[in-house]
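A, B, C and D label the chains in the order they appear, each numbered from 1.
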Amino acid sequence: MIAALILIPLFGAFVAFCIPDNRWRPVVLPVVASIHLGITAMLLLSPPPPSPGGWIWLDPLGRIVLLCVTLIFALCAFYAVGYLDCRQERSNRILCMGVLACLAAMGLVTVTQHLGLLWVALETTTVFMAPLIYFNRNARSIEATWKYLLICSVGIGLALLGLLFLAYSTYVAHRDATLLLGALIATARDLNPAWLHAAAIFMLVGYGTKMGLAPLHTWKPDAYGEAPGLVGALLAGGLVSCAFLAILRVYQVCLASGFEIHFFRKALLGLGFLSIAFAAVFMAKQADFKRMLAYSSVEHVGILAIALGLGKGALYGALFHLLNNALAKGVLFLSSGNIHRMYNSKTTDVVKGVLSRLPWSGGLFLAGFIAVTGSPPFSPFISEYTIISSAFIDGRYWIGGFFLLFLALIFIGMAMTVLPMIMGAPPEEIESTGYHDRLLTVGPPLVMLCVIFWLGIRPPAFLVAMLLDGAVLLGGMP
Amino acid sequence: MSFPKGVIGNPVFQLFQKTGSPIESFGDDPLFARAHRRPLNADPFRYKPGVTSRQVKRRVAVAINNCEISVDISFDSTYLILASAFIMAVSGVPCILAGAVAGQRIAMLLTMLASIAGEYAAVSILFFNASTTAYSVELPQPFGEAAFTVDNLSLLFLLPLYLVVFCAAIYSPAYWPARKKRGATRLTIFTGLFAASMIAVTIARNGVLFLMAWEVMAISAYFLLTADQQNQETERSGRVYLIATHFGTMALLIMFALLCAITGTFDFPPRCSLALASPYSTAIILAALFGFGGKAGLMPMHFWLPGAHAGAPSHISAMMSGLMLKMGIYGILRVLTFFNLLPPWVGWTFLILGAWSAVGGIAVAAAQRDLKRLLACSSIENVGIIFTGIGMSLVGMQIHSQLLIICGLTGAFIHVINHSLFKSLLFMGSGVIIHGAGTREIDLLGGVARRMPVASALFLAGTIAICGFPPLNGFIGELYLYAGAIQDGISNPLPLTAVVAPLLALVGGVAAITFVKLYGIVFLGQPRSDRGAGSHEAPLQMTVPIMILAFACLFFGLYPVALVRLVSPAVISTAALSAETFDMVSSVVPLAPVMLANGLLILLGLFTGYLYLLKLKKEPCEKNSTWGCGYPARTPRMQYTGTSFSGLIVSQLGTFVSSSKVSPDMHGDLLPAKASFAYEATETVLNQILTPLFRWTGWGFSYLRRIQHGQLQVYILYIIATLFTLMLWRGR
Amino acid sequence: MTDTIIHLLAVIIVPPLLMGVIVKTKAAFAGRAGAPCFQLYYDLFKLMRKGTVFSETTTWVFRAGPVVTLAAVLVASLLVPLGRHAAPISFSGDLVFFVYLLGLARFFTAIAALDTGSSFEGMGAAREVTFSCFAEPALFFAFITLARLSNSLTLSRILTHVTPDVWLAAGASMLLLVGAIFIILLAENCRIPFDDPNTHLELTMIHEVMVLDHSGPAFAMILYGAAVKLFVLGALFVNIAFPFSTGNSILDWGIFIAAMLGLAVAIGVVESVMARIRIVRIPQLLVGATILSAFAMLLMLR
Amino acid sequence: MNTFADQLLVLVMLINLVMLGTSRLLFSIRAVAVQGVILGLLPGLVHPFSLHLAAIMTVVIIVKGIVIPYFIGDAVHKARIRREVEPFIGYVPTLVLGAVFTALSFAFAEKLPLAPEHEELLFVPASMATLLTGFLILTTRRKAISQVIGYLVMENGIFVFGLLLTEAMPAMVEAGVLLDLLVGIFVMGIVINHISREFSSIDTSRLRALKEE
């Protein structure tokens, strides 16, 4: 079953490679996505036991990330059909293949318990994402791709070194190098502190680059800004979640060691705060709404890091926020893709009055904005407030206070960009691009919005149980 | 957000469960009562880790069976209120399903129905001691379960709410017909949500539940007030509003988190359960003051208010000003009741902020040129008066003066109800003017009364009421405040609170200027432009709600006993006094003679008027033009304008509001071009503090933004730098 | 009962006489014979019999203005004790009611003025409402001071409480108070130095200019209302400034009427020896009155 | 055996310095290739022989010594450039920095306790020095090709450390790492091609359109 999770997308990629017709090829995506979703559902409802070697196990954390990935992917896949239909001028073979290969790699990230394998899978996603960012084939997108590729490669290289340090620390401890999570956790107390410390730092920086924590986030605005909205959603919802899972794994090891976790939490708090501060600074007066979304992603990655750094009750919030952020970002990226199509521009001096020209996309974008900034009744509110309140309940009110202050600044920055763009009168002189809202380009983000609305009111029991189990794995209160 | 999701027999009804005592009415049948009580307390939906879906399903089935027995629940008042909120919340749904035109009608009917039901429930609790029950609803995971409960304080805010919502519902389809105007669907959907969320705010008994309702309220208000979205000005003020309300919510997030840190749960602590000494109590009160005060429009957090109210559709302005601002007041009262003792500075802070808002608000109002901005600024004033009253009572608690407590709270609470009534009346009236004349600019209007006699009479009633003149209701609330202040002047060795009386007098005086200006310039005289001339009377659907409100103003003015009866339970429970004490102390303001004097005033007025009319009938009346003091070529544009009318007082109150000249640009090709010139009222907080602050911050940020300057090599340097920093961090 | 009847009669009959006395005093100062003391009565009767000219721009508000004004002022007159006699209507908090009734009267005069669409009348209305909003705080400071003296919230009590003994005990405070109330009296009734009530021309820039377009019975009501207002505020002043009582009811009425006439003479004297001050100075003078009465209250606290 | 391994590691570090000092791209590529071959040989010297080891050695030598240099050389050919002109920091200062970093790596290595059998080996300092050299090249050079070379050097540094674990690590992971590296470089090569076509230059300092200001 778990093998199918990885093989079916790969097979899909092969099929996409074989289909010659540009118009029909994207149909592979929803087909694969639906199967993937179905398999995921079955896996989540009755999780299989760990594999004999302990390499493959869908533990609660993996399940949460898998849920994020598959949900985002499924909706993006349907969206892709509608989107690529408007982009017939360009071959979508590489896009379809790349997306599916990424899905396979992301699936592997979630199910593996071997940190080396996890690294390989994550690096694979990095590589396969590059051509997707270059979909638009212009000078800007090549620049974005280059920066993305080099920065992420460097980062993931550092993570590899960290991984090797970790393996070596086990080698030093008991002459048997292993990167299996279970073994690592079981023996974490015996690990050499110096090696573990170095390993934690290298992996934090490495995976942090992939995840986009400031100041390692520099590739994000460029890549998110130049990639199609569809790819942006996958990057922000899928890839970030996978990178976060990698950091969670490191967190688990540090936690089990008992000593390293204090530093690791502090480092996460520091990077998290730096991230939301960067986001606050860069969102102000941001004229490019896609770059703004990228900084919003930096912000939310920062929130996740802070929540991990806080520990305790915030862990539940962090895990929940992962899902919520992925979906909320999905709404924003997909609808922003539509807006971009309509106006053929992504700067706010041209894009105005979206609600009048594209009521659905504009409305979705606005709702996504409200959701992503943590307003009820959408679920990011629940997760963010879990984090904030647990900061206050733990008596760390300076952290909570500054956290809120930055969130407020970010809200201002975002509102100053989003609201004039969505409201207001549309420009008259703009030429018609032939784009109009239709079911396939509006439906998926709408479904995402409904999901976060639903999660904000009544998260299903199985999800809550899963999140709680995940939080327990991270040392949260049962 | 969770609203009551259905009626009896609907499985979703299981979201709610009774936790309160069973209703007395079937107490004489022990068997039934027991059968009734047990299953309902059996908590069908509380999440327990490990409950599989099958178990849950069985529990649902059990619960449905329970529902079928418990038909009588529908007569419970709390249930009725919840149901009304639910109906309002979904009232916009037909708009999506059945189209905007039909949907608007259906929504109107549904909302009216729900308001009547809700008002009935509220009145039956208040006057007939109908039973109330706690309904609990499950919140998302870490926040547990939360209750909806109605108490006296909630009722105080619910009573005007239902009335105003009822009126707004009638008003809406005529003012913003889906057939003619864009955005009617959005307006309808969010109006229902807005009303429902306000109901939820008043009855939520859990921090998170409250916050959810609060934010739904704030955000639906945003969508409502930007209904005219293509208007640049509206968009901007909507943005200011959204940012302001978000900041307020941030403060509330902190506040509820701190409360939770003290009590260990997000449920509201019971009344007077928090000691002053408990940690964070100062922070909690300050956060509440910031969050709730900002929503109420207390100075200096009022800056969002004028623009937001001005740009909104009129019935929305009515609901925002009449109801939403009150939610801020409700919130702060609710938080204050948690504490058994308050620090001395609280009362004085309230008093000073209230007085500042009252004077400042009306000063800003006097300077306005926009009809609805003026009304909005006057809301700041009224909120200031309410806060002054609350502050007075808090000071009273400090010095153990029951009279001050009761007069302050009674005055404030009466003003809460009164302001809801007359401010809604005025906003809806202004909607009639906009509908008829198509402009909000006071100085372009004039002579509207000749074309809209009905509306003008109703508007006059609102004007008199808001100025606090007898015989209308506005007077009653102020009377209590004056009585409290003067009584303090009598009995207190150091009567600082007494200063409230002259301050209120000043505020009343400026309010009179403002509203004479408003009424006189807009309705009377001759039209100052074509707009004013082209006005016409509004349809009945728009005037009837105003009539209802005007009637309420008159009724409460002539029969203030009812008003006091409405607020006394809230006063008694908020101040933790006995009913006897209330009756005894509140008799310092005897209502019977006031009623008598009011009656005399009306009789005398009617009598004199009757004689005068008789006389006019008998004598031939001559029509002529107004005496122009010898100048023959008068034009309507020579009439006194609103700006000049208030110029004198604005020049005297320069601290609060300044009037800046918008200088004309006279450059032409050869000769100076045609230019216009205007006075613009500038607001200190928004224009002189916040806007520069934002500009400077943006300026500072633009330096910081060079960090992301495009050079890949530097980006990689960041990575190394981070690595090194982290390596060295522990070394230190 | 007798006192009530006398009160009503006094309120109805005496006010125009005060106006006459003031005019007579001014004439005496100017060395003229002047109009008879009862001139206003004649004028009122004359006006009552006359027809009315309405401006074409006016609405029912214009007609309602004088009626409401008169009614409000008359009700206000029932709240103030005359001489040492309690007012017919008196209740705790009636002082607020009193002030707001005067406000109501002013409100209707002002909107009636605006109804004509005349820039002059608009200007007058603006000034009237603006200046009175400065006068009201002063009045309230005075009321608080008096209320503290008498430990009561009713006009009848606080005004009749002032006796020569009180004057001896709190003389400085009372003096400031009397000064403040006198300024308010002049300001509220638009007398010199605030306004020149002499002419009905547009030169009289506050009260009289507001009523330029009223004619016939309406104008009569306005004149009469203004006189009653002077009477009422005058009674307020006299109660404080001239707190003598003989104990005999009838004799007290006589003393009161005499004091009122004395007040009228005093106003006449002030009007004769002073010039009207500039409009921009008026708020300053009124704020001065507020400070006076606030000081009175402060002195009372000692 | 171990002394020979150490000598090879010193050679790796010398190659680092050579790369910092040269401006000719083809020369750099060859140097990287040599480094790769050395990396391929090293495991044989420190670990006892096994089939797994032989396979790894072969793959590393093929990938790092032949395939990747070929790709990059091809890209250089297509882009028609020979040397790195005007790096951000001159060659001499970078050389000095490189020397300083090498010294620092020795200091860093002191802090990390090695397993007894690795104690006298220079793996850790060589790895860190190579890593930092890679970083130096990445941050100071303008040409995209130079940056890819820098990245390769950095990867080599990581690999040097990985050699300590060759025995213990499962083949699958190692193979995956190599494959990823290969594909990564391949993609980078393609991107460089596109860059040179789009900008008619592969000077990455020109890639500055995307920024905030």
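Following the convention adopted for this analysis, a residue touches a chain if its C-beta (ideal position, glycine included) is under 8 Å from a C-beta of that chain, and two chains touch if they have at least 3 such contacts.
Only a predicted model underlies this, so the values are computations on that prediction, with no experimental measurement involved.
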item	value
Shortest chain-hopping distance from subunit B out to subunit D	1
Of A-B and B-C, pair with higher C-beta contact tally	B-C
Chain whose average C-alpha position is farthest from subunit B's own	D
Subunit A-subunit B separation of Cα centroids, rounded to whole Å	41
Interchain centroid distance [CA atoms averaged], subunit C/subunit D, Å	100
Chain centre separation (subunit A, subunit D; CA means) in Å	30
Contacts with two or more other chains, residues of subunit D listed in rising order	135, 138, 147, 204, 207-210, 212
Of all residues in subunit C, the ones touching two or more other chains	none
Set of subunit A residues in contact with two or more other chains	146-147, 150, 154, 198, 221, 282
Which chain pairs touch, all of them	A-B, A-D, B-C, B-D
Subunit D residues within the subunit A interface of the complex	111-115, 127, 131, 135, 138, 144, 147, 151, 154-155, 157-158, 161-162, 164-165, 168-170, 172-173, 176-177, 179-180, 183-184, 187-188, 191, 194-195, 198-199, 204, 207-210, 212
Parts of subunit D lying in touch with subunit B, wherever the complex brings them together	88, 135, 138-142, 147, 204-205, 207-213
Parts of subunit B lying in touch with subunit D, wherever the complex brings them together	702, 705-714, 716-717, 720
Subunit B - residues contacting subunit A, complex	1-2, 47, 49-51, 53, 56, 138, 140-143, 208, 211-212, 215-216, 219, 226, 229-232, 234-235, 238-239, 242-243, 246-247, 249-250, 253-254, 256-258, 260-261, 266, 280, 283, 694, 697-698, 701-702, 704-705, 707-708, 712, 715-716, 718-719, 721-723, 726-727, 729-730
For the subunit A and subunit B complex, residues of the former touching the latter	146-147, 150-151, 154-155, 158, 197-198, 201-202, 204-205, 208-209, 215-216, 218-219, 221, 263, 266-267, 271, 278, 281-282, 284-285, 313, 316-317, 320, 353, 355-356, 370, 373, 375-377, 379, 381-382, 385-386, 388-389, 391-393, 395, 397, 400-401, 404-405, 407-408, 411-412, 415-416, 419-420, 423-425, 455-459, 461-462, 464-465, 467-468, 478
